[in-house]
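Next, two complexes with chain A in common: one pairs it with chain B, the other with chain C.
This part shows the complex of A and B:
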């Protein structure tokens, strides 16, 4: 008995010490009760994302979860609003030369970084120089590979020279990786960039416990509230914003939903259709927006079987995309009506292919494949991706096509599709199903990658599609900064590729979130992170 | 015993050295170029080249290993390819969390498992035994993530007794630790039960009873002590596994531990992080094995360590 008591005492001691260990972490210190300025007192909110950010340096962001804090801490030269219109932020405007190779940015005056360093041409150049220098190997650097050099014109003017005309340049500067960082921080190196972010943004990072939470505090001196700096009208009302935001990574969706229901969270990101009804029934709001990603069923056009357009069209007619949407995504995604998603500039809807098994069979017979056909298909081994593959497999079976699917781990798959002898006929796959996101929300990235010069591993043309007419249209779009010329070029490109079907454009992905009744004015930014610029806390 | 421990420490170093070679090679055998995975499919060739050179991924394997080992010997385990922060910094941020969760889980599960096991074993084929068996089978059969989600639903969403995401306090750790320990509790209960049933049939038990000892003394002093060897083995093994992170529990409770870090590192082929994590997990196992061996001798003096 004595021993048992001793054991109990030891247990109690260990428990006690464990509890003690945790004393320093706990919930973040949200403060917030002091000077609240124009903002509602105690408006502390908790947002749940599905993953932990991997970097706090805008240029090194690789995922939407990485982008989220960048949106709050850093301001870029300009931003895209939810309608894809430019909003000038740290610059007030820009002039370009006729060729579209030189951009002169006029910087906004009177702004400082949160460490007190003034925002001026020198700071802009320091950032743009690192963005251009590919030898740093930051994750989002590829978007700025076209910058040749940046020159300081005067204290508030910089001129950026491009290596060649690159139409999506302004879009690339309007997204999170182009957030401007304090030059002092850039000098301090990677470790400082990852621990003490310093920008000019609406929020500053107050505290971070890696893997647990990150606490952001409203920057009451943010230039966006100042009418003088903003040229007469403030960017947003003075009472916009939350006192503090706690951002937590919670990878399991069921847990995120439970936390919203229990009141532990105010906003949750990434909500699938299976949980949408649950949160709505509990009186929560949901938010949805078509993103810039789309899932494609790529057909390797250099393989003999796909050289005949009738085979490609038959496949397009044999897949009931609406049913795919309902079965796998609960009808939450949007059926593709072009190779671009609706939220990408110059999107032009095309006439949809009708779901018609008989017609598909006829086309296959005409092309000489009336007796059936076996194709090797690669995809990622994610549960939903496998369901999507199986659905397509069952659909194609109805027209006599046997799809042999080989699901593979993501990184392995990326390596595999890019590794082939150099002759596209030799790829081990005939078709390939995967999503593709256009970070810049520009058609040059979304559809331009089907140009013949963008074959893997140098580009994303996984259909190995080669069509000189299409290439010409893409080139015309990429080499002009005149929006009328671009609109026409991409309208042509979208029509050609839709009729040619080098890939079946399946579904546009949608960003989806849920939030409680305290939140007003929540919006999605272009990349799928929350745009809280105009959001408020309501009692 | 001290001599034995010293001798074994030498063995541990050799084991770790061999493990380091194996993990170094195995990790590099996983297909997938880390530079491309890190930078994404749209990366420019210059950027991929830069990362490859920066992390020495283009050097011969032997050279890469020697560079890594030289660092390890002076306590520099390298920089994470994914986060560009020192790997020990990243691991350090999560190590305490995993340790706390594992200790708490092992503590409750061993105590509960022993109680259930003794109760079942000493009442073999009676209702107490059937109850014990039912509880332990349930603990092993019900998946961790289901237990976790149900606990969240009942105790956090409905009753609001606990926070869902552990907030560092003991209260926040109770549900994750319970979930993590459920399987372990069942294992301990089952091993204890069968060992006790075996030991009850032994001659020394009959002798003890014949001597007129009280039943309680027979069970706790003779039977239980002799039945502990297989239980200690299994507890040691499971503790090693728990210290390697608990992926499901961590993701269900949004807990920051080594399990999710390991998964992320595999997805990104974060070589430096993976090497270090596996090395640390191996260290856990060899140290625990040593402790288990020492415990054998403590529990059963017939076992002579040297």
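This part shows the complex of A and C:
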């Protein structure tokens, strides 16, 4: 009798756990299945990203994972299409004076934020004023340091005065940090900005649990569906969009792949070449796009060891970047031939550093490090990033450099590299490996991030590189709207930085993703986040 | 007087010898434990000679042979940098076993001393030490280890410290229990009467009584220590690349679960076999030592 009871209990437990597996246990409440518009009511999809976002406020954006929700929730004045042409969003156009110091924006009419606040010149001014006010110290704010003031011309026209000419100004307004936030939210302060984002975008954020998921709901009143507001033809078709999107951070690639294969996820971000075949064999689609981002091996130039340019050059010669590409990325990336990727304007290829261990050793000996050297290196804990780090570690071992690598979670890492006492010598890391994109597709961002004006936390100069000559060239490039002048300035800048090696430019990276057959029209935005504007659900 | 004392010592030694042969006889009856002990012996030998016998260097990478399956050249296949997994698993034995033995040895010594003093003197000392042990006990072992490593920073040295800290309370409690039991026994009271010092009573008369249970716990703790080290390395808090640590190898192999079964399989098996053998040995030791423990009570 006892045995029978025990058996019964075991059966009940097994059945219970099976029932638990079958249900949507753990997935958030996916409600709000409306029937307005053409979007399929059951199109609730799950997207897996590799990192958690560190901020929900556009101006405070630091990583691609941060940009992801901003792309959906907020609209900027304009965007860049895949060919780097302007697509007007919250503005319908812009006039510039001849010198390039005054921009008059004509705002789109009939749009309101998801909290009901109307989009008008006042809202635009509120946003542009915060962008201009550098005292806030948000992570992406330095891009707007040139805004002097904004004037309201009439209800739907604003005029922006720049302190001096800034050539990539429109490009800087076309990226995620320039997403327009509801003025009410701006007044509410940082806490609210980071918890309850309110924009004019295609999606609204419904629910968020840090580290677990973030639930987005389609904004069915989005102006992009409205032919009248868009001036004749709507920006996207009525059946574009998804009812809800659940975005989850899953740092482990194998887990992401497994979740895609089991149908738990519809789209997964970042896929290595080894898993590509597996995913394709299972009938899933893959998407790949050459991005504007480049992986750098930053060397903190303010540390005594890296003050000597020979050490930096030695490191550059000791890393076989072609082999790195083959081993870690299956040869799908492109070896860097300058500090910016080929897809960016004014790109000038440089003479590559030859891979030469003997020469590297000689340089190190000359610099007084013949007996070896131990360096602390930080990187992201994404699977391929760890492999990339390990590969570089192996390469540097050959010239007697011991790399101590500490992989960290993306958002955490961003906060950590920006947190130092103020003296760059005190950073806990000597080197830092990470890829950074140039969303504006302009060299002022792509190579200008090494200027001394972009020292962390205000910018991405993680090499703490300070070279007046280089700064001068960057300034010259930014302060002219004459493309010949710009081309010359950036050619100089690229040459200086290539010879000075404040960082080793490794590879221009490719964005990669996999998705199932329910998804149609998936695209990558310039920064490497998913552009879902024209994506739709198919049965 | 002098003569008499010597006699006592002689009888104690004889007693120890008979006890040991009793134990051996009992232990030999535990066939699985004997087998486990044999496998562990082999592992210890491997740990000693691994760098000499490994066919390839642990960091000898070969970018032309990435992620190859098991073959005559590479018995366990190769990893994502073309390194020989067999050599790495072999050399990982030294890391795992030395960490296992070292942490548990240190923890058992510290824990036993704490337990002896706490149990013998009682009072405030006992109260404080056992409450501290209770606090440490309140956390699951791995969570406690993660917390300690999070404070100290990642790396094998800190893992060793973490494992030692979370092993200590087990021994402290174990020895304290036996001490409290034995301190009122007739022979301890007799020793007190003839004027033996506290230290002599603690280490000469009480500690030997606790040794059987310490031995059993020792074997079981080693498996726990190896598991924790591997787990922490798997989570990226323990060994750093390119150390051939089993947990770290498992962690690196996750990406290739679908394509290369061998990469995860062999380091995983190494952990399974080692931990299983220590557990079986611990069980066998308990069975062999139990009758003795019962006799004492």
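The rule we apply is simple: the second predicted complex is superposed on the first by the 317 of 539 C-alpha atoms of A that agree within 3 Å, B and C clash if a C-alpha of one lies under 4 Å from a C-alpha of the other, contacts with A are read in each partner's own complex, and residues count from 1 in each chain.
Simple rule for what comes next: a residue touches a chain if its C-beta (ideal position, glycine included) is under 8 Å from a C-beta of that chain, and two chains touch if they have at least 3 such contacts.
The model shown is predicted, which means the values in this text are computed figures rather than measured ones.
In the superposition on chain A, contact of A:414 is made with chain B only, not with chain C. By the touch criterion stated above, A:60 is placed in contact with chain B alone, chain C being left untouched. More residues of chain A are in touch with B than with the other of chain B and chain C.
Applying the stated contact rule after C-alpha superposition, one finds that A:254 touches each of chain B and chain C.
Using the contact criterion defined above for the overlaid structures, shared-chain residue A:393 touches chain C, although it does not reach chain B.
In the overlay built on the shared chain, the residue A:326 is in contact with chain C alone; chain B does not reach it.
After overlaying the two complexes on the shared chain, residue contacts for A:145 are found with chain B alone; chain C is out of touch. Touching of chain A by both chain B and chain C, each in its own complex, is seen for residues 252, 254-255, 258.
In the complex of the two chains, the chain C residues touching chain A come out as 59, 61, 63, 66-67, 80-81, 154, 236, 240-242, 252, 254-259. Touching chain A in their complex are the following residues of chain B: 30-33, 35-48, 50-51, 54, 82-86, 90, 93-94, 96-97, 100, 103-104, 107, 111, 145, 149, 152-153, 156-157, 160, 163-165, 167-170, 172-173, 220, 251-254, 256-257, 260-261, 264, 267-269.
Those residues of chain A that touch chain C in the shared complex are 252-255, 257-258, 272, 274-275, 277-278, 323, 326-327, 381, 383-384, 386-387, 389-391, 393-394, 397, 404-407.
Considering their complex, residues 3, 11, 14-15, 18-19, 21-27, 48, 52, 54-55, 60, 62, 134-139, 141-142, 145, 190-191, 194, 209-212, 248-252, 254-255, 258-259, 261-262, 264, 409-412, 414-416, 418, 439, 445, 458, 460 of chain A touch chain B.
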